[in-house]
């Protein structure tokens, strides 16, 4: 059994990692740390995990791989320290997703403390970067919105058949905002309410632009990305709008071909619903043509805390440890 | 007191009409009919309206104006009969919204029984058609989605400063689907779920195209409209995306000017939320420029059953009866 | 026009007071104060109230009556100061609900600073204390849970026909916990969740016991009260269980008689739902006998922020100012 | 691999059975039948189960054990037919839960067609009847409400230390009402709403009375059971109120002792929440004493579709097939 750890297990992605790793048959969750709860049993902090008999430690123990679920900036330092100890890392924060250190000043308001690691980090969207992950010691786990947007758009961008004008309109459940309290995520305010936010530019936009650009640098894409908050706990539905160059025939087949053999991608024949991915590592993708305008519409659905968070982090971990990619990530959605 | 009636008061818009008319100081709700509940007290059918001491009648009584909240096709016949009796009509159904009778065959699968009335009917989006309503005997109340989309787009379309490529991504509460039972609106299926639907073409699209075209026939707009279902009872948030011709300065001022003096439109300085319109006849509109791409984004919020339904129907009625437009439509949103 | 003010208008009951008072035809909302937002426009703080053109002031202006919506302990001092200025007060906090000053030490952990006023304060459950309110200068607005419980139980307690063993199981929407942030009211935690809380004793219990005891001191009631949090914004459904002395016939008639003429009480013939009171000052009460055990069951429903908060505060104000009791409190529930 | 089948897999418990059985390592889901969907792929009917490559069959194939998820009355006949073919049965319906055939006429309005089997059927609440299940060929899976109530009350009833007056106030998510459409489970009506129902007597009451009586016939219990609908998809929280005979010390220890070694029962030290059981076969139980009145309060939480449905059916199946009881039922709650 390989030993793994979680730095900061008490946020939503951290606790979801603990849930997934606890039932993983080939790794052992050996160490968890927290920022404020040192010495407490995990089950005291998170009653739904009381079967996991572990105490929150001040320092990371002996592990082969660790997930850092710290906030950005703080995470970079913890990741760097772990790497120096020879521990492989899947970083849940944004700290190693962007290649250009200046983007951290621009979008996250801090000077990156270990920018020399940015070049080495692999962006952990397994479906696009699978070949680089097994040999990597540092994987940057994608943001939840970029996961939904990139999987929806990658086939037509990679093939170069899409026009540069792209709209990404995403609808997210509230857990995407994390466990930190705020008025916008206070139940009585978020319930029975929908809002658009971050219209001045969301931090996930440079991530989307970087990865789409990397897939096909010649396209000069112009992406508008608007996230919306909807009154549910989990799930992201992403609606993408663009025009195709040339013929509109065979788009769905192109998507099927692009994702052939992918264990967690389903190109579906009817508009998907976020609930159909609840608790799973699946991404459902529905590409279609608006017959009246000829425009391409792609709808994707994920569980933001699994495929958009802890699940794909475990998917990367499996590859980094030489384990079967799907281990601990099977199972159908819990519906309704 | 002017006497008014409601044909089919037991759907969501019908019951909302009854609520608004009951507290209207200048009209008397004098007759309600239903399809299946003849002879029952309104309060038996709809306990929240038990203070309204009325019985559902088989035939419309003596009234000066009637709201028809019947389903499409059935409504056209009832409307025609009322007009023949000299009764003014606000039709809640889609039966008089489209000008081209063939659109009813194409989008609603029926041959319009009184197509000669289509030319006469006024599309009841008061903010765009106010001058035609006082003298009309037949007003077609707009659909909920078109209300949100048209109010968001009218200023730039009318001014002719928008490029023809327009995306309308709308998010609606479940009451928009009406009171008729279906699996998609069954609580356990709709709760904790978001979905896109009608991707092959929603019936509100021809209505949006017709009215935008009417505002500015020279633009040759190409609109993609995708509605989404979100887990709340009321509210529509509409996100519109387009490019502007020429300069991007002063868009918000243009909207403010366009809607100056409108009693129910608020051009706001921060992204609005549907909950801020809950129970009101307001439409909140937030136009902004995506600074990275130069694209126009307009967000609008309404209560789909009030401004998107019963409220604007009463607004039209007030004008048709020569009453102050805001009567019975005042009051702030009930929040949270 | 009588001038009234609100101390601390930015909590849920404060903002609901502002909404109700704004459309009150016989009083003028003349002054609002806040704890942290002095100098800001109300509409900046609470966009749904942006039609109310007022600025939050540091000190209460010249008013005839004021609502104090401060937290407990702080409110007592503000109330005392207002009374000294000759201003009538409806206190929303708990600070004048309990008659025994020691109860504040026991249940609220503070020594009451103006306990000499406790005897004078009238408990503002109008249906039980209507005769004392017009001449009072200090009304203690009841807690939300006591409102639902007392109205459900008053008839059988007053008549002395109930056995002393009483269970009160209440289910509340999340707004009852106020606008202060906490993990338990964080959307993702409260959504899709039900919990019981305060099993060691909720602060509304002494209030229930005091008022039931006052109705009939001879009964020596033994009340267990357990509140539950349910995933909705508004509404309290209270389920009460007790045994009746003697015959079980005619209970509903007894309730009808007890509440005859009450403008806001509806004794109903079918189990009520909280949604049927949404946005109204109504209390729906359904008393019934469990035929298999002979036990009395009483279900009551209120909107916790209206009848359980701002609405009954306005109801008391109307009486204190000699205005018709129902002014500004009419209108049917907004449903669905 | 033992072969098992599901009769009527398209209701909520049927689909949850399919989900659990699909990942069961020791049985093979070999046959599913439906009432209206014969010939369709399971994934067409239930997209979240599209990984299960099975077609709905008109007749049950060759299996060793079958779950009947048919409605009551219809199920009795299907169960009888299966038993005649030598197939073991876990019946999800109510048809074999009650021992007295007359109860079916009284509570379910039908004459039981195979009442001779009632004596043989084992009530499948494993924690109370474990010893009878391995040798049984017919297990009646308990109702969701009885599961929550019986597990909460069994220790004090079995020990004979509870007074006969018992109140059971249960709060259920909407999926408990099944997948059949109704106005009460229409999203816009059930959302933002709480209601009590079946106050004239719910069908789960005789089941609760029978099983509590069976645990301790001498107690002559008088149980009032009131179910409530709350706006969430899954979960039941049951609040039980009673008085204890004699001392109140050590109640929690008594519960701990009673359920020692039970794999799916957790006697907890803080009030539990339904969300802590989401997707699991766990029952969380919190017994406490209301110190002011000396009354016993017991709160229990389950996922109504797992421990209150498909999960405990699989738990019984495991025992009937000689497999480890917990197989396919492990895993922590999915939270939030």
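What to note about this one:
Per-chain numbering from 1; labels A, B, C and D assigned in written order.
Note that in this section a residue touches a chain if its C-beta (ideal position, glycine included) is under 8 Å from a C-beta of that chain, and two chains touch if they have at least 3 such contacts.
What you see is a predicted model, and the numbers here were worked out from it, not measured in a lab.
Between the contact lists of chain B and chain C, the overlap consists of A, D. Remark: among chain pairs A-D and A-C, A-D carries the greater number of C-beta contacts.
Mean C-alpha position of chain A lies 45 Å from that of chain C. Computed centre separation for the pair chain C/chain D is 39 angstrom, with centres defined by C-alpha atoms. A straight line joining the Cα centres of chain A and chain D is 36 Å long.
Residue numbers of chain C whose C-beta contacts span two or more other chains: 12, 173, 175, 188, 191-192, 231-234, 272-273, 275, 278, 336.
By the touch rule above, chain B contacts chain D in their complex via residues 12, 173-175, 179, 181-183, 185-188, 190-192, 231-233.
Within the complex formed with chain A, the residues of chain B that make contact are 165, 167, 169, 171, 173, 188-189, 191-197, 199-201, 205, 222-224, 226, 228, 230-235, 237, 239, 241, 243, 271-275, 278, 286, 288, 290-293, 295, 297, 299, 336.
Chain D meets chain A in the complex at residues 12, 15, 19, 22-23, 46-52, 175, 191-192, 233-234, 266, 268, 270, 272-273, 275-279, 330-336.
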